[in-house]
Each structure stands twice: as C-alpha cells, then as structure tokens.
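Listed below are the structures to be examined.
Okay, so chain A shows up in both of these, paired with chain B first and chain C after.
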Partner chain A sequence: MEMYRQVFLLDRERMVTAMSTKMKRTGFILACLIPGLALFSLFRIYPTLQIFHKSFFMWSAIGDEPKFIGFKNFVDMFQDEVFLLSLRNTGILMLIVPVLTLAIALINASILSKSKLRESGFYRTVFFFPSILSFVVIAILWSFIYHPSIGFLNASMELIGLDEFVMPWLGHEKTVLWALAVTMVWQAAGYYMVMYIAGIDGISPEYYEAASLDGASRIQQFFSITIPMLWEIIRVTIIFIINGVISISFILVSIMTAGGPNRHSEVAITYLYGQAFKNGNFGYAMAIGVVVFIISLLLALLSNRLTEREAS
Partner chain B sequence: MSGMQFTAASSGTAHTNTSLKSRIGRLLLRVILLAQSLFVIYPLVWNVLASFKTNKEVLLSPWSLPGSLNWDNFVRAFTTAKMGDYMFNSVMVVALSMAITLAVVVPTAYVLARMKFPGRKFLTNVYMAGLFIQGVYVVVPIFLVMNDLHMLDNRFWLSAVYAAGSMAFSVYLLIGFLKSIPREYEEAAMIDGCGYFGTLFRIIVPMARPGIITVVIFSFFDFWNEYVLAMTFISSEHKKTIPVGLSNLFEIQRYATDWGSLFAGLVLVLIPTIVVYSLLQKKLTEGMMLGGLKG
Partner chain C sequence: MKRSWLTVIAVVFVVSSVLAGCSGNNVNNGGNASPEPSGSPETTASADPTGGGKTFENMELEVAVFQGGYGREYWDAVADSFMKDYPGTKINITASPQIAELLRPKIVAGNPPDFIYLPQGGDNQPIIDGFIKDNGLLELNDVFESQGENGTPIADSILPGVLESKAMSPNGDGKVLFAPYNYGVMGMWYNKNLFDTKGITLPKTWDEFFALNSVAKENGRALFTYQGLHPGYLEEIIIPAIFNVGGKEALDQFFNYDPEFWKSETFKKVFGLFEKIANEDNALMNGTVALNHTQSQTDFLMGKSMFIPNGSWFEDEMKDAPREDGFQFGFLGVPSFDAGKPVMALTSVELFMIPAKAKNPELAKEFLKYLYTEKSVKLNGEKAKAVMAVKGAPDLVKEYISATTYEIFKAVDGGMEALNGAFKTPAQGSKFNPGDEVYQPLSSIMNKQMTLEEYGDKLYEVYTNIQKEYQ
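Then we have the complex of A and B:
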C-alpha cells in the first residue's frame, strides 16, 4: 500500500514537473518572440499591408476619411505624364547602374584576386570605402564635383583642353541621369567587388592552373572560369543592386537635383514622396508604391529567369 | 600561335620576353588600379582640404591647398550650424536603436533557430519576406501610423522604427550563425539547471558573439547614415540627426555660401565612419560574406 502510494506520488510529481517545464518552455518562446513581433508588425507588416489596401482609396488629407475608388489611382497613374517620366528615369537607372557596377566590380575583383599584386589589400580597402559612407555625404560631395563653376569635373576638363565639354552636368536634361548613374556606380562598385573576391577565392586554383597549362590567357580564363563559377553569386547580386538603385536614387535625387531640371531626373520614389508629403495625396502615393514594388519584383524575377542556366 | 613559334625558335629569349610582357602587364594593371583609387579618394581628400579653406579659396581652384589651417570652419560648424546638437542626436538615436535591435533580435533568432513549435516556419518566412520591403516603400504608411499614435517628432520612436527596419536582415544573419553552434552546450547547461533564460544569456550570447558583432557593425552604418526616415519623422530643429542637419545646411549654403562650415560638417560625419571602418574592416567584409553569400 505504502509502496503504491509512493509510486503514485512520484508519477504525479513527474507529471507536474513535466507540465511545468512545458509551460516554462512555452513561456520562454513567447517572451522571446512577442517583443520583436510587436515591433515588426507595427512598423513593417502593418504598413506594408496598408500600402496595398490604401492604394484603392482616395485620401487627400490626413484628417479626411479615405474613400474607396477601386482602381482609379492606378488608371490615373498611367495618364500622369510626370509619373511616366519618373518611371522611365527609374528604368534607365535600373538598367545602366547594375550593368556598369557589376562589370567594374567583376573586373576589379578578378584583377585583385588573380594578379597577386603586393598592394592589393590597399586597393580593396580603398574601393570598398564609398559603400560605408552616408548617402547624404555622397550626394553633397558629388554636387560639388559636378558644380558648374567651382566643380572638379569642369575644372579638369578645362585643364586638359576640353573646354567645349564644360557644362552644368546636373542642370542639363541630357546629362543629369548619367551624372547620377556615375555617382551610384562610384558608391556601389567596391561593395560588390568584395563579394566577388570572396567568390573567386572559393574557386579551386586547379581550374586556373589547368587552363594556363593549356595556354589560356588571363582574359580567356576570366570568361571561361571566373564568370561561370561565379554565376550564382552574380545572379543574387543583380537582385541586390536593383533594390539598391531604388533607395539610393531617392536620396541622391532629392539632395542633388530635386528632380530637376524640368523633372528630367525625377524617379518614381521621389515622385511618390512628393505626392504624399507635398500634395497630401496619400492614396495615390501608396498606389505608386505598389506599382514600383511590383515592377522591381518583376525585374528581379525576369533577371532571375534570363540568367538561369539549364541544368547540365 | 605566333608566340608558340617564337618559343620554338629561341627558347632562351622567350623566358625574358614573357617576364617583360608580364611586367608591362602588371604596370598597366597598377596604372588602372591607381587611377581608380584616385577617382575614389579624390572627392574625400578634396572635402577634407576644403574644410580648412576660406570661402574665397574654395572658389579659386579645386586643386589648391588651403592657405592656412582654418579651424574657424569647424568652430562655425559647431556654433552657427549646430553640428554638435545634430551629432548628439545621432549618437543617441544610434545607441537606442542598437539597444532595441539587440534586445529583440537575439531572442527571436535564438527561438527561431533552435526551438520547435507550431508556426515557426511561417514566422521565419515572415521575417525573410521583410528582406524585400525596403524603407522607402513604407515611409508613407509608417508616417501615418506614427501620426495616429502620436509618435512623430520623437527620437525614441524613430529608433524603434530603425530597429524594426533592421530586424529582417539581423534575424536572418543570426539564425544562420546560431544554427552552427553545437547543441551539446545548451543541453549541458539545461542539465546543470541554467533554465531557458540562463542558457540564452550565459551560454548562447557569449558563443554567438561574432554573429552579434556583425549585426552591430552593419546596424551602426545603417543607423548612423539613415536619412529618409529621420527627415520625414522628425520636425523639431533640435531633435534632427546629423544627415538631416547636413542636407538642410547644404540646402541653405546653396544660396548663402558659407561653404567652409558645410565641409567641416561633412568631415565630422565622416570621422566616426572612418574610425569604425579602420578598426573593424576585416570583420565587416567577413560579415558581408556571411550575410551576402549564403543568400
């Protein structure tokens, strides 16, 4: 009898402790997740859902009650000439900047990791440096480089006798986008270079040895070994940089040109921002956000599809 | 082809010939790389030089050296341009956001990496999806939320928004890192009666230090340089952070032309970045690979 009682007690104790450890575990999981989830929901998930939801509303002042208007914002957008121009400019930047940045980054990465120069660490440090600078600092510095009268660019053009090319780079409709693109490439090339160097360091040196025994030149090796072996990394970086262009172009344009001259450097996000905070068209601004988000997602998918290699 | 014929003809000179060719090749590479380095460094050197110049000297030529070291610019940056205030706000916002980030990210990443519970996969995917939602898309709705909850023009809530913005990336990075720590340590700690929280703080956090440091470095640059959200959510002059203060100053100096203090201000923003970069350069590039290449 006494023995049974003890067994029973032990069992109960075990059950109680099992239950309490389970409760402790659940409590721990909740305590760990809830603060982060609350923060993330309030400032990321909810705002993201809001963009999609409110893009169907007319909402032209903070105090007003938003009015449901279906797809009208989206229809208006494609008759809005300034929006279309801003979309075109964004598209041009999304094309020029990734191509130039990745080409320069790849070439520099393969030079630095394959040529074994003594001072390659120095170049690596220097080239990477712009990618940790504040976009605001970069925007201000480059405004002065392009400055029509005291700028470095025009001064050096004059120095080497190219006086006829001296111009207000940011003030001319034809050059402004290119000027912004050069700044973006200057900012980002080093970052992707460091990524590619890591990738190249991971390629087995035997491939290169075999290729040079076969008499392949450095340039042939670059195209037949480096690029194919880095392909997956290149695909990922294309998507990174398309996203990067969206956020850096916003800051550069709003500080360097304010969309000018004559809206020729307006990008979709600066237009969105102006619609929201200058004109108070919150519904319209969010609809623009939806369109830009979808376009950048489609571009990412497209580049992913285009760069896909058949499994061989 | 012609090279091969040449080798066959005179193998003796071929060796010196290729080494000469490779030497010229190297020289050419060096010239290209040095030119690029100059292209990268020049704007920064110019900025530092200009921060010591008088306005007249700035106008004169972009190459000239300053006539004398004009510390006036820095004094004016602090007094009339209020760079000191902006700097204080930036330091405060960076420290606060960093504290919030670590407080929420480390436990979240630990539970998602280690504990099995229903909804874990879903929650992980929610955070991963956050990697694609950049700040610029959601400025407008975040502004409206903050307006409803009376959180605008408040440095604490700005920091909370920063922390929320860096969560997706930091959680992603730390999950990857925590998964590489062997489970035996935790099991031993649990048997020793450490409890869940004890295990997390006394065993896991010290072991995950390299991963946490990577998160700290990346967040530092993000928070210190952030502009769009700070510009939108903070309206009082005395609460602005340094990037916003600088862009305002730039806006004014276009017409007022006290360039010296603007350049001095730019140098002041650069200094902390340069210090952190030179101290932690290796960690930073290593962390980039950790975060970038596994994706």
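Then we have the complex of A and C:
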C-alpha cells in the first residue's frame, strides 16, 4: 500500500513537471517572438494598413485634417491620363524585364556551370558585379553610356558605321523604356544567374551523364533536365523580379529621365512620389500605392498559379 | 528556471526601452536642444549670458534653412553675429538640402521651428502652399513697418514691388506673409568671349536671335540648348515672352488657368518659338531632350550651343565644369518680339517665414529685422555670394560676387524689365501639378512628336479641368 502510494505520487509529480516544462517552453518561445512581431507590426503592418486607410482621404499632410472622400481617389485615378500612362509604362517594364533577365540568367548559368570553360570563375564575377553596385551608381553610369554626344553607345555605333541609327536614347518617346529595360536587365541578370548556378550545382550529374549517353544534345539537356529540376527556384525568382522591377524602376527613372520625355518613362511609383512630395497630395498618392500593391499581389498569385500547373 | 525567466524579461525590457528611446527622440526632436536626427545639425551656444541689450522671455531660437547653392556658411556667420549683438540668445540652425522632408513631420505635429528659409518651387512648394492654405504663418507687416538701422521703415529698403507681389502677400489682402531673401535673375546666357572676338551683336529681338543660327553654324555650334530632362527651365523664356506679347493680362490668364489662353495669338506666338527651334536645322543642339541640367550646361560651356537659359546662380553652379578656351559668362536676358521693347528677364525671390505656431515669435521677428541690416547683407554676399532683395545690395556686395553677376543685377536695376510670377495654387487635393502639365509636353514638341495645335488643345483641356476643381 505504501509502495502503491509512492508510485502514484511519483507519477503525479512527473505529470506536473512535464506540464510546467511545456508551459515554460511556450512562454519562452512567445518571449522570443514578441519583440520581432512587435517591430514587424509597428513598421510593416501598421503603415500598410495606414496606406489603405488614408487612401480614402484628401490630405496634404501639412496642417489640414484629412478629409474623407470615399472612393473618389480611385475613381479619379482611372480618369487621370498621366496615371494610366505611368501604369502602362510599368506594365511594359514588368513584361520585358523579367522575361529577358530570367532567360539571360538561365542561359548564362547553364553555360557557366556545364561547360568546362577555364575562365568561368572570371565570368561569374563579372556578371555578378552589377549586383553589388548601388542603383544610384548604375543609373548615373548608364545615363553617361546613353549620353547622346559623348556616350559610349552612340560613339561605338558611329565607330562601326551605324551612324544613321544613332539617337538620344533617353530623350525619345519610343526608345526610352527600352533603354531603361536594358539597364535593369544588366543590373539583375547576374544576381539571378548566381541563384541558378547554385540550383544547377544541386542537380545530380548522373542525369546529365545518362542523357548524354543516350545521345541528348546540350540544348535538349537544358530543356529536359535543367529547367524542370530548377522549376521551384524559377518560380520564386519570377516573384522576386516582378517586385524588383517596381522598386528599381523608381530609382532609375528618377535619376536617368525624370519621367521624361513628356512622361513617356513615368512609372507608377515615380508618379506616386510626385503626387505626394511635389504636389502635396498624400491621399491620392496612397490610393496609387494601394493599386500598385494590389496589382503586384495579383501578379505574384497569378504567376504562382500558372507555373504550378505546368509543374505538375 | 525562474532566474532565466527574469533574464528574458530583463532583456525584453532593456530592448524595448532602447527602442522607446529611439522613437521618443524621433517624435520629439523639435524640443529644446535635442539634436536633429539628420541634416548636419549645429548647436552654437552663447558664451556670454549676462550682457546688456534686449531681453526676451525665451532666449532660444530654432532656425530651419534650405541648404542649396548658397550653402550654410552665411547662416552660421549671421547667427554668431546676432548672438554677439544680443547676448544671452541662442540660435540653433538646422540646414539640409532635404529640409522639406525634415520640416513636414514637425509641422504636422504642430511643432514647427521659429524661423524658416525656403526657396520657391520643387519639393519646398507644397510646404509653402500648405502654409498659405492653412493660414499657418505669422503676419509680418509690423516687421516691415518698424524702423531699420537707418531710421526709416524696413519696407523702404526692400526692392520696390517685392513686398506687394503675389509671392510675398499671397492672399492679395495686404498681409505680408513672406519676407524676401536673395533674388535671382533668369534668362538666356551666351559666351561673351565668342561674341566679343567675332564681333557678333547680341540679339535684341527674336528675329535677330534666329538670324544668328547661321553664325552659330559657322562657329561649329547649335543655336540653342536647354536642360532637356527638366523642361521647366524654359519658363525663364516663356514667362517674359508672354508678358512681351500679351502684357499682364495674358500673363494672368496663363497663371490663373484661363483656358482661352491656349487659343490666343499670344500662345501661338510664344510657344511657336519652340516649334521653330525644333524644326529649324541646327537650331536645337543634338540630343538636348535626353540631357539633364548638368550635362546640357556642360555642353553649353564646351561651346556646343550658342545660348542656354539659366539663372544668376549659373557661374557658381558650374564653377568646376570644363569649358572651351576663353569662355566668359554673358547674360542676354530674353529677346523681345518687337524692336521697340526692351530685353527682359525673369526674377525670383526666396522666402523667409515665421510659422504661426512658432514657440518664440518675438525673437524670430527680431532675427528677421537683423537679416536686413547692412552687416547681414554684406555677410550674405561674402558667404553665400548672393544678392538680397534690398535696394543697393549689388553695390554692397560687389567685392564678393563676380563681375558677371554684378553686371546682371545692375542691368535689372537699370532698366531691364524684371518679371515675377507663379501659378495660382490649384484647388486642394488637385492632382494637377501646373508646372509639369505646362512644361513637360515641350519635350515632345522639341522631338517633333507633338504639334503646336495638339499641345494647345491638350492644355486647354487641362486648364478647363483645373478650373472645375475649384468649384
């Protein structure tokens, strides 16, 4: 009997200790999470909610009280020619830049990791180099490359006898977006190339060996082994670069073209900035921010959905 | 176990109190002597708190100034000098090229500095417009009615017409809300050396101007260039030209959004200039539209173009830029359409203001008066190489500014017609930025992608819409 009780007590004790250990552990995890969560909510979630909230107001952010105007900002927006033009320009960039960047990055990555080039280390460094430069430096660099009279591009075109095609690339309505897109591709391709190289290195070489024994060419290997095996990485990079285009285009446009000529290179975010800080129109600017947010979210979801189907 | 819990709590507490410290500092930085988070703060303490002179309830003054082409040396020097003459006072100066961004949160929080200097335009304009719309400024009439150092009201020493202008008394009710600081003169520039050595006469009319195209070609340069990416610089030609053709009436139509302006003869004549420049061979420098202000100005200095519009800051702005041999700055102004009328120039005045919510308005007004003393005007010439909008200022600072700059200001003093003006502030919440709407499409005219009629029609619509927003 005495023994029995002893055992029973021991059991209960063990249960109590187990429970309190579990509680302590939960408490500890919470304590670790709370500072991060608090900061994240304060500096990320709260401002985002504020943007949604303030987009329903007319507000100059100087001294006046925000005035509630419902959906007027959003209605105005779709009658605002400049906004629509800037949205179109953003759209064109979001179409050209990801496709070119990812294609170039993939091809370079597979050439560099699959061929036995002796200089591949050198090329890897050179291609990656633009990624460590600041965007501002890149913008200034390229605005001199495109400089109409002393620029590298026009000078070398003249050198090889293409005089008639020389033009002020950043100054013409028809070329300015392409000029910006080339800069963006140059900047980003190296970065994604390094990501893909890491992915390709993770693919077992046996696949390639087997394929080449079966007589598959390099190009067949690229499409049948490299791309399918990298698919998950490619999906992630698509979302990265869509967001990248939105934010990088702001810096490049601000420095290289100021939205010109006649707003043909204005992108949504530069227009947002102009409305907020040059026109004192914060409510309207935040409404633009909301639309850009929704569009990029939709694009991310869409690309995720589309690529998922192909993967399965 | 209990112990480790305490450690965690202690760590969390420490972390959060550090963070609270940060945020508290950010919200509160308008407070007494707390240093600004950015914008190169400088706190200068007075060494002699006992001396005589006037005393004020509050001896401390917060001054926020735009740090642009004129630098901040003048402000440090004049603050030192003021603190010497008014012992016991203490002036804290915050200077930054992004002063508008630093000011905005303070103004929103109802905690503005006591004294502000801002140039018009750019990022600063919303702050200026916001102050006007919200009646956020102290009326300054009493400062200008009070006696200056030579016994006459300060108003008498300011350049004629400035205090009454729309820039200084924006509501047109006689209340002076802004006080004038430096004034600038804008118009077209040329290489004086080239004109002197080749014996070219300066164009007094637009016909003579276009006739110089062949001379320009002989000398291996285009006739004209401008700050391509920033077509707003063309206002330095447009505003005087509108006044020249249509007088004050047309200029009012232009600035106050009368859509009929875009159907008038004045419009066709003035903006026709740019169509002519775009279409005539050799008139517009190659690639101009793609150049930013520094690039186009450098090309001008290198002798690739005969004329360029810019302001009196030009020489100082480009002091480190390369130039062709013997280059000398020459200021033309803006030619006229008829032989009889004088060459013109656009002027602009930079602004001082005292917010209505300033903590120390008394001392701020005293400081403002001090800025108009001869000592301060000279100091401004020495440190900022600038000319204040005060009678006789060019002669006071002659030794500090270049001969060219002196000539320009004397020319305006002596008969060149000087003009001043700005767009009416659009309705609250307007999405139109009038400067952008009017000047941006000029790039397309220069690229021959848009005709004058298309431009006029577009602006007619824009002006109609801006008018609608006032209702």
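The rule we apply is simple: the second predicted complex is superposed on the first by the 264 of 312 C-alpha atoms of A that agree within 3 Å, B and C clash if a C-alpha of one lies under 4 Å from a C-alpha of the other, contacts with A are read in each partner's own complex, and residues count from 1 in each chain.
Convention: a contact is a pair of C-beta atoms (placed from the backbone, for glycine too) under 8 Å apart; a residue touches a chain by one contact, two chains touch by 3 or more.
Note that the coordinates shown come from a computational prediction; the quantities given were computed from them, not determined experimentally.
In the superposed model, A:Leu33 lies in contact with chain B only, and not with chain C.
In the superposition on chain A, A:Leu100 makes contact with neither chain B nor chain C.
Contacts of A:Ser143 after superposition on the shared chain: both chain B and chain C are touched. Of the two partner chains, chain B and chain C are each touched by A:Lys24.
In the superposed model, A:Ile295 makes contact with neither chain B nor chain C. Contacts of A:Ala211 after superposition: neither chain B nor chain C is touched.
Within the superposed three-chain model, A:Lys278 lies in touch with chain C and out of touch with chain B [touch as defined at top]. Looking at the shared chain after the overlay, A:Ile132 reaches chain B, while chain C stays out of its contact range. Taking chain A as the reference chain, the count of touched residues is higher for B when chain B and chain C are set side by side.
Shared contact residues of chain A, touching chain B in one structure and chain C in the other: 24, 28, 31, 35, 39, 62, 143, 149, 277.
Interface residues of chain A, counted against chain C in their complex, comprise 24, 27-28, 31, 34-35, 39, 58, 60-64, 67, 69, 76, 80, 143, 146-149, 168-173, 257-263, 274-275, 277-281, 283-284. The residues of chain C lying in touch with chain A in their complex are 1, 5, 8-9, 12, 15-16, 19, 100-101, 104, 107-108, 122-123, 125-127, 129-131, 133-134, 136, 228-231, 286-292, 295, 299, 304, 428-433, 436, 440-444, 446-447, 449-450. Only residues 4, 26, 29-30, 32-33, 36-37, 39-44, 46-47, 50, 58-59, 61-63, 100, 103-105, 107-108, 110-111, 115, 117, 123, 126-127, 130, 132-145, 147, 160-161, 163-165, 167-168, 171, 195-197, 200, 221, 224-225, 227-228, 232, 243-244, 246-247, 250, 262, 266, 269-270, 273, 277, 281, 284-285, 288-289, 292-293, 295 of chain B touch chain A when the two sit together in their complex.
The residues of chain A lying in touch with chain B in their complex are 24-26, 28-29, 31-33, 35-37, 39-40, 42-48, 50-51, 54, 62, 108, 111-112, 115, 117, 122-123, 125-130, 132-137, 139-145, 149-152, 155, 186, 190-191, 194-195, 198-199, 215, 233, 236, 240, 243, 246-247, 250-251, 255, 269, 272-273, 276-277, 282, 285-286, 289, 292-293, 297.
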